[in-house]
Amino acid sequence: MLAIEVDRLTKSFVLPSKRIVEAVRAITLSVEQGERLAYIGPNGAGKSTSIKILTGILHPTTGDAQVLGFVPWRQRKELARNIGVLFGQRSQLWFQLTPMQSYKLLGAIYGLSREELERRIDEYGSLLEAAALFDIPVRNLSLGQRMRCELTASLLHSPRVLFLDEPTIGLDLVAKQRFRELIVRLNEHKGTTVFLTSHDVSDIEQVAKRVIVINHGQIIYDDKVSVMKRSLLRTKLMEVRFDEPPGAIDIDGVQVLKSTDMGFKLSVDTEARSIKHVLDELLDRYSVGDISVLDPPLEEVISKIYETPRR
Amino acid sequence: MNPYLAAFVSGMRRTVAPGELIVRVGFYAVILVVFAAVWNAAMAANGGEVAGYGFAGILWYIAAAEAAQVATNARMIEDIGNDIGNGTVAIELLRPVSVVGLRLASEVGGAVVRLAGTCALAALFVPLAAGPPPSWNGVGLAIPSLVLAVCCNLAAQHAFAGIAFWLEDAKSAWFLYQKLIFLLGGMLLPLELLPDAMSGAARLLPFWAMSYAPGRLMAGYVEPWLLLLQVGWLVAMVGAAVAVFSSGERRLQAVGG
Amino acid sequence: MRALAATWCSAWLDAWANRRSFWTQLVVMTINDSVWVLFWILFFHRIGEVRGWDTEKMLLLFAILTTAAGIALGVFANARKVGQLAGDGELDATLTLPVDPLAHLLARRIDPSLIGDLAFGPILFALAGGPTPERIALFIVGSLCGAIVLTGFLIAAGSLTLFVGGRGEQADLAFQAALILASYPIDFFGGVTKILLFTAVPAAFISSLPAELVDSFTFQTTATLLGSAAFFSLLGIALFRLGMRRYASGAVWTRA
């Protein structure tokens, strides 16, 4: 069964200068129930606008959409009972209160009985490893801790679809990793459909099974993550600082992008050579001071999409 | 460019942004309309004169006394309180210029723009409602007095911000400060209309220099010594502001930021 | 209703979280109001009765105004923030909840300093308003009507932001104007201004007319007050609903 169905959805904004900007242009897509979808694109590509239309916050200019059979902008309240929404930069929780106090309010808003609410708080508290945080005022939580509490808040009414708008923004690496695992665990345990926007390539690799790329308001790519990995995400970047000038670097599958005396920026073709191999060889053959492995920026992935002929 | 001049200019620029200025001048217009009505009714009930002020005199008084208030940044005590609280001031103290000087220059820059806006409105409205100002010599003295009143007020607010820090609630501190000017500064009623004991006390406090002085001059009383006393209070208030901020600096060094 | 009551409780808990600040704001507001009372005593002491208004009647008006403002700005503290919230895109979180956004917003924030007003008004009425059972009842009805008119007017003014843009500057001005104008007896004004105070800036319905109601009850005044309360609350709700169709979640301004 389809969880989300979108047909030629368009949203334009009128700027104060009277110029019209089309944030979303004739987007068409569908999402099956239980899918984990990453909806990605650079800043200003139209991700947030799409997600806000699908959650009933914005009215579209033209086009149709249904989420769980509801038209979001016409049946916002009914829809809200069935979906969960988490914005990375806006809080559901009351800053001065404890998460538990906010949860009680949400329980009243969603009409949950007290036993039901307590059961769900316990359940998600252990599933998301957050129960210990629930009695600390939100103002005293770290961002990573807060995001786990926010996620609990958006799940209390057991939504069938979970929308996450840039949920990992601002989190440190460990917290990001943990948050991604929790989303996957949630999807696998409860079958919740996950619709995640991000401009972080790792979010796609580690959370999603399917990826849609949006740029300038249009969908430019829609495929399985495994396919995308093989065709587009074949490279990793490596920044290496050597203790003494290494001379020329000659390893199979490695390309030098930029170099100064001691510092090199390398691109690794992970299909040809595994990262482990390259690391071993570097450490063996040269005197390495520092090394870091990075994902290619999303902009690079997108320009590759444009280079690749459409199927 | 001289850093204080640069701060002054940037303060002016910020205020010229249409939204803020329109709201201020609109607010001032409402006040003029209200007081024109109030004093029109009050004068009619008192044979056209109260404590030496006729209708024209009192309306010009109110126009000037209010202009001096409306021209200052209404949230400044709040802003300073926040800046002290969140450490912005601590960072500013590291610069090789006077923090109070820089802040005052920027605020005066903004105030001058708002003052020009309110005065322009008064020059249009008050003659229609009450006729020309009673004395042109008074007007000549009132203009520098308005600028002095604003400077005095801004300096005093910087000094008062220390109390904002102590109250831990800058908005409340602002309310109290504002009420002192309302009554003891002569903003709502000329000091001559207060009971003797109260007006005597008010004349010993600095607040009259921020509202009453330009109002009195504008109402046609050519009393140049008011300007001298304003300058005196300005010096005292700037001194107090510097003292408050340098005590902040000492505190910073004591606790190590 | 359960949702609204729970939201309102959270708003109190939220305001109460910083107890010291709560009490400071409450006390300072009381001092603030006392200064106004002092002003009016001084004014009428010096000027004498003006167009049928003396100290006693003026303090009655002021008691109603502070009570009404305490409700509209203290209990429904977001009423005057509607424009700013809409302009900044702060309604997103509310819109993801299965609630009426306007009701939720109004219940969502308490302003402790205006709660000071809400305490001051009834106390002033008890001390200086000549409370009899009949006058107390009229005082309550009048203050509530005034509060509803002010709330509706603030929501309407704020909702204009959704049509004209900005961050609610015009609502801020409307708020300040309504409050200043409501601080003075309507009989002090004449001509066009007086008409405006019954229409564009409905200050007359917030304080003067309720005071009139308490002092000399007529069915006509009662009907006028109830009618204005109904009109301005409907106006606020209608403009907000219409405006929400154009809600841009802050996107217009962040992209500009």
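Labels for the chains are A, B and C, by order of writing; each one numbers its residues from 1.
Operating definition for what follows: contacts are C-beta pairs under 8 Å (C-beta built on N, C-alpha and C of every residue); 3 or more make two chains touch, one makes a residue touch a chain.
No experiment lies behind these values; they were computed from the predicted model shown.
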item	value
Most centrally placed chain, judged by C-alpha centres	C
Farthest chain relative to chain C (centres taken as mean CA coordinates)	A
Geometric centre distance via CA averages, chain C-chain A, whole Å	43
Whole-Å separation of chain centres (CA-atom averages), chain B against chain C	27
Distance from chain B to chain A - Cα centre to Cα centre, in angstrom	52
Contacts with 2+ other chains: residues of chain B	none
In the complex, chain C residues that touch chain B	20-21, 24-25, 28-29, 31-32, 35, 38-39, 42-43, 45-51, 113, 166-167, 169-170, 172-173, 176-177, 180-181, 184, 187-190, 193
Chain A - residues contacting chain C, complex	13-17, 21, 23, 44, 48-49, 52, 55-59, 76-78, 80-81, 83, 85, 87, 90-92, 94-97, 101-102, 104-111, 137
Complex contacts: residues of chain B adjacent to chain C	19-20, 22-23, 26-27, 30-31, 33-34, 37-38, 40-42, 45-46, 50-51, 167-169, 171-172, 175-176, 179, 182-183, 188-189, 193-195, 198
Contacting residues of chain C [partner chain A, same complex]	2-3, 5-7, 9-10, 13-14, 17-18, 90-93, 95-100, 165, 245-249, 251-253, 255-256
